[in-house]
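Labels A, B, C, D, E and F are assigned to the chains in the order they are written; within every chain, residues are numbered from 1.
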Amino acid sequence: MAELSSPPTSQYFNLTYPLPYVAHVEINRPEKLNAFIEPPASIDSYRTNPIHIANTTQNTPPASPAPSSPTSPPSNPASPSLETCPKPIIAVLHGHCYGLGIDLSLCADLRICTPSAKFAVKEVDLGLAADVGTLSRLGKVAGNASWVKDVCISAREFDAQEALRFGFVSRDYRSSCLRRPRITMRKRKGMAKEKETAISTALQWASTVASKSPVAVQGTKELLNWSRDHSVADGLRYTAVWNGAMLQTEDVGRAMRAGGVGKGKEKKKPRFEKL
Amino acid sequence: MAELSSPPTSQYFNLTYPLPYVAHVEINRPEKLNAFIEPPASIDSYRTNPIHIANTTQNTPPASPAPSSPTSPPSNPASPSLETCPKPIIAVLHGHCYGLGIDLSLCADLRICTPSAKFAVKEVDLGLAADVGTLSRLGKVAGNASWVKDVCISAREFDAQEALRFGFVSRDYRSSCLRRPRITMRKRKGMAKEKETAISTALQWASTVASKSPVAVQGTKELLNWSRDHSVADGLRYTAVWNGAMLQTEDVGRAMRAGGVGKGKEKKKPRFEKL
Amino acid sequence: MAELSSPPTSQYFNLTYPLPYVAHVEINRPEKLNAFIEPPASIDSYRTNPIHIANTTQNTPPASPAPSSPTSPPSNPASPSLETCPKPIIAVLHGHCYGLGIDLSLCADLRICTPSAKFAVKEVDLGLAADVGTLSRLGKVAGNASWVKDVCISAREFDAQEALRFGFVSRDYRSSCLRRPRITMRKRKGMAKEKETAISTALQWASTVASKSPVAVQGTKELLNWSRDHSVADGLRYTAVWNGAMLQTEDVGRAMRAGGVGKGKEKKKPRFEKL
Amino acid sequence: MAELSSPPTSQYFNLTYPLPYVAHVEINRPEKLNAFIEPPASIDSYRTNPIHIANTTQNTPPASPAPSSPTSPPSNPASPSLETCPKPIIAVLHGHCYGLGIDLSLCADLRICTPSAKFAVKEVDLGLAADVGTLSRLGKVAGNASWVKDVCISAREFDAQEALRFGFVSRDYRSSCLRRPRITMRKRKGMAKEKETAISTALQWASTVASKSPVAVQGTKELLNWSRDHSVADGLRYTAVWNGAMLQTEDVGRAMRAGGVGKGKEKKKPRFEKL
Amino acid sequence: MAELSSPPTSQYFNLTYPLPYVAHVEINRPEKLNAFIEPPASIDSYRTNPIHIANTTQNTPPASPAPSSPTSPPSNPASPSLETCPKPIIAVLHGHCYGLGIDLSLCADLRICTPSAKFAVKEVDLGLAADVGTLSRLGKVAGNASWVKDVCISAREFDAQEALRFGFVSRDYRSSCLRRPRITMRKRKGMAKEKETAISTALQWASTVASKSPVAVQGTKELLNWSRDHSVADGLRYTAVWNGAMLQTEDVGRAMRAGGVGKGKEKKKPRFEKL
Amino acid sequence: MAELSSPPTSQYFNLTYPLPYVAHVEINRPEKLNAFIEPPASIDSYRTNPIHIANTTQNTPPASPAPSSPTSPPSNPASPSLETCPKPIIAVLHGHCYGLGIDLSLCADLRICTPSAKFAVKEVDLGLAADVGTLSRLGKVAGNASWVKDVCISAREFDAQEALRFGFVSRDYRSSCLRRPRITMRKRKGMAKEKETAISTALQWASTVASKSPVAVQGTKELLNWSRDHSVADGLRYTAVWNGAMLQTEDVGRAMRAGGVGKGKEKKKPRFEKL
């Protein structure tokens, strides 16, 4: 990827490009609040890469978030820049994901975890409701309100199996998630292997998406985010206008010429311009 | 069903009446956009039939939807007439349901599929976000936001098992859905059998509902659709007013006289007037 | 619990204190509408107890709800006092939970059921849409809209397995829920045992929560209820203001001093003041 | 009005019945917070009277409202019972209406003032945003957002002319409102006269409304309140259902028989049943 | 206007083309409910005309609207087709505008009245809340909630002066509106003259708008309608997407080339393609 | 104001401090889009000053806004930083305020204009709907929807009198606004005088507000902005929580000790800490 200027890697995160158009952000020290805030702020600037993979782990209860002053407008710094990033973001979760790790992953589009990952919404232990978004987002992400209240009110730990069953994580990794991780002597080694597999699963998905029209990919993300917060009727109106706006891009023409939409045309893979 | 005028069957769909008060609409050529638009437009006119079953299959990527003009108000022709149809609609999904097949089924109330059905939200391959409602509705139908983004952004195929696990389809057909369809030499024959079973499952449900008070059935559908797009408080207010409006119908009296609501009354099955 | 005045037990419900700060409300005759309305009205007054467990069973179709007059503002008496009760409420469901039993449980925060519990949304049999909240709440609680319409429109019975799979109940009791209850000669005895186990599971959760900061517990409940009915952006703003309000309580300080949020501090269990 | 039990007059307010079906509540000591809270709580119980007139004056900055605890659900006791009272309420404002007097009047349906009345939204002087509803309601009542911010942020006094021009008060009293009140030696006497005239204007309106169908009057109030907080589309749906509910009342039939809706029928004034 | 097919004039309304691209719909017998419903249904089909002027008068209380059945989805036939018509609509109101005349005019974009016009929201006299939209729309149109409740709850008549002051009508006709209409012997002749002047004022406005880009005119109407029912944040997002969609039209280019947006270009009036 | 670092004055705007805690931002070349964007971005950083006065004039149609790309999330750069600035902002409007001048002023809290100011919403002349907020905000600011559509659809000019009558500007300058500006030979000199008076009116208001508790002032602004976009019920809940958050600030105590809220305490002007 010679055309990229030196990536903004820092002491808090590593940035690599494992595939064309796919960036991998590894968060080094998530127990530092700043580490969480810094990478999202710059994620949007890696303009040549449609996918990002954030890889979060955390071994201690989260540091106390700087409480927002009651007289200033509410600010939740970590989340908006991630959520409004137009590119799809996959969170790969492994190890212990507590508090801020969960907050952060809920701003991603996909959540994949390793079979031995452990989770907890820990804020209730701080004598404080969750500050950076879990309580606002978890109920919209997971399809069992009773479970959402269970884990948020009790701060109890839950494992990968439960995370998958109740809708916190998703996706093909389920086969391994559903097997209870065997606790063996080689557990540590197993965890490294698990993480590798999870990241590779994420990369495979990212690679598929990277071959699609960026206009359609980013539009789909935006429309799904909009629809989550609006009625079906509002979703349909916004979608119709959005489609009108997209028609002027070249990608629709490319898809049509490639045979994606007509019959009797030779089918071939369209090549889209990267944003 | 001698009292019915000749049903509006056409080259695009067949209409039959397998049970009293139950209509079965079979969509013949769903790869034609018009085929999708036409039946819903007339569905509402089959006034003696409380249930409708739509049976959709599709073997090719969807035809390009006529893009909505950016200067006219948004229009999504297929969906509103289905969704606002006061009668319950069951979609039976088999074969390959791509793009428009999914759009259409999301306007139905129940979704049942055969164990070997395959699905994909294909619009991202057109260089265009989904035009006719999937992005606005799928997130409200399925209880795992991570999975919704996965299949909408990647356009990857998913099978019946996954459709059931993540909430796109529902219902008693799960036993067979959960068994991985065995690929045998008699696969084709198996698919026809599967479809038959799925339709028969749908008919059984339809038959149960056809014996209920149409006032209550249609009110329940309307209230669930309203509540999906409103807060709980708004749902409660709307429900209370709706109930007030319903009290003037004869069906409540019939249910009460039949013993449904008091004690010490002889229990018998009430007979409701058909709408 | 000597400091408690005589509990407001009545012919319709029993109130006991199985654990410190945990109240157990057993509803005796849920087939009476008043029984459902009465306890919630007074629940809030048991101020020393952060948790409440409601234990509902019902063997007959629900009594006819007094229909709300169309000219008075809508009123749904049972639900608001339960839902706005600031303390977490667990509903333990066993036996036959029909109509009002489901309405009531949907106002609780957690729903746990015994493996042999049976459920039905019966209102459609009354020629009337559900009056006291099921249609407004079930779709926000369970993550499969197709299933919600199925059981609400058909009034069919569903069992514990299905209730868990589709998101009506949650929680650790799943292991037994997922095993089909064997119908044996000792079934009746088994049901009593089941109920005991379910209540004990609920008490264990309640006991954990009772050790947390009541400020954080009640804030978490309020924020999750708010977020269910608002956009993510509104959820984030409300949360930030709420956190500001909470900072003035002593519990945050206690949690911080106990080492919950800093590093290098001795970890110990903070003791919170009970509300 | 012999059929009325002794009215609940107290040290904080006087209740009289100047006209059939019209109650007049005079608030004696509005500088007491409790005075404001008490009457609304019981207003709803005067069931034979469709109209209420509240008459508020206040000469001092409002007493400090008991701050709502951050951990209990928000409560604004005075306003809900007034706003949800199904009967129309007219606020007659005279003298100095500061803080709570404005909060209270914003829960009424009509606001009429005397030409020499003075107003101020005083809460900003307490180092506290307005607690009991002015900030939530004034912007929905008055049609000039710039003016609303002006008086709320500066706490400056404004007079009757300005109140009318910018939409805080309305109604026929405008002729006198628009004339600048002349400051004469007989000012005090003039103020008493003014108040009398304002109340008499309110009574005249109340008398007209008292002759209408209570079903339609209360429905109109409810629908206007609903529409204030919802989209036009939601307003239309709610209205249609509400109308359906009302059709079962006898009043529609009475209006129709009286000639209100057909042609060729003898026109006469229908007599409606009082709620 | 030779290119127009014979206009769909009927016994209920006259259609003329007083100016290029401006249609004038005169409603003949508004006391017939059907008359109100019919023209809007076809308004949208006069595709060459960007403006429409509806001219409504009515001398009797409105006919009873066919009450919407409580079990069918709400339908308000007259209004949606008017409100969603993409072209601007001016309502010229004269004579007595009661009930349906007001309902209809509230779906228009501009309301202009003659100085002697009289208005009343009459539905409360029918023992029924307004069925076709006044209660849902008037509060969003007029900037004084106290006045809205006054006229809707009392059904009292109000004149042009009051209609202008409180925001029901707008616009340049104010000079004459503000003068109290003198009751002279030649009143009838005066009314005809007044109507002529009001229509001519409307035509002047229509003529100005007909010279603008239809894309921008219709977009502006749509965005204002959207913003009325959404938050500012939602308005900004929808606007930004809408603008993106519009950029592909030729009109933006024409405006730019005409010098509207750059400097140093010769200013001339752009000519836009008519929709 | 010695404690201030050198103010960030630039070629596009001048910043002065005419009064303690009051900043005056004069926008020099509003015809440059960047000029509009730049000052708001930094306004928030002048932390010692609670009030800001923006002074906008513009003599030419607005420059073409950079159209937002349809595939990036909507961005309206000028407005959010102004609207979310926690301090009150007064816009003083004089000369010709077209397009962007109106967009900008609608983000302010108060709008004051000189009697000879002229306004137009010019975007419709660009073949483009307004990009930076007028269509989303004007209808929420002005209390006459018919007038809002009139000026937005026709792009016609309107004067100060009309701006005041229909709710675009407000406030004490009305006396002069209501007098038609006489066109004299000394018009130019008159305009300079007018501007001076308008700014001095704004400064007087700013000076009053600067003496209030900044906590209450900024809370009031935030709550009014929130309430504009939410239902009354949501406004009340947010207000109650906000008040809870504010109670921990010192300003409430100061106001109480100064006698603002108790009786029998010596009244004196409290001194609040500046934010």
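One rule holds for everything that comes next: contacts are C-beta pairs under 8 Å (C-beta built on N, C-alpha and C of every residue); 3 or more make two chains touch, one makes a residue touch a chain.
Given the structure is predicted, the values throughout are model-derived calculations rather than measurements.
Visitor: Across the interfaces A-E and E-F, which one involves more C-beta pairs in contact?
Guide: E-F
Visitor: Quick one: compare the interface residues of chain C with those of chain F and tell me same or different, with half as the dividing line.
Guide: Over half of the interface numbering overlaps between copies: same.
Visitor: What angle, rounded to the nearest 5°, describes the rotation that places the Cα atoms of chain D on chain F?
Guide: To map chain D onto chain F, rotate by about 120 degrees.
Visitor: Could you grab the centroid distance between chain B and chain C? Build each centroid from C-alpha atoms only and quote it in angstrom.
Guide: For chain B versus chain C, the centre distance works out to 31 Å.
Visitor: Could you say which residues in chain A touch two or more other chains, in rising order?
Guide: 70-71, 73, 140, 142-144, 167, 215, 219, 228, 230, 233, 237-238, 241-242, 244-249
Visitor: Across the complex, what residues on chain D touch chain B?
Guide: By the definition above, chain D touches chain B via 226, 230, 234, 237-238, 241-242, 244-245, 247-248.
Visitor: Give the list of chain B residues in touch with chain C in this complex.
Guide: Those in contact with chain C are residues 88, 109-111, 140-144, 167-171, 174, 205, 208-209, 212-213, 215-217, 219-221, 223-224, 227-228, 231-233, 235-247, 249, 251-256, 260-263, 270, 272.
Visitor: Can you list the residues on chain F that touch chain E in the complex?
Guide: It comes out as residues 61, 63-64, 67-70, 73-76, 79, 83, 123-131, 133, 135-137, 139-140, 142-150, 152-156, 166-167, 228-230.
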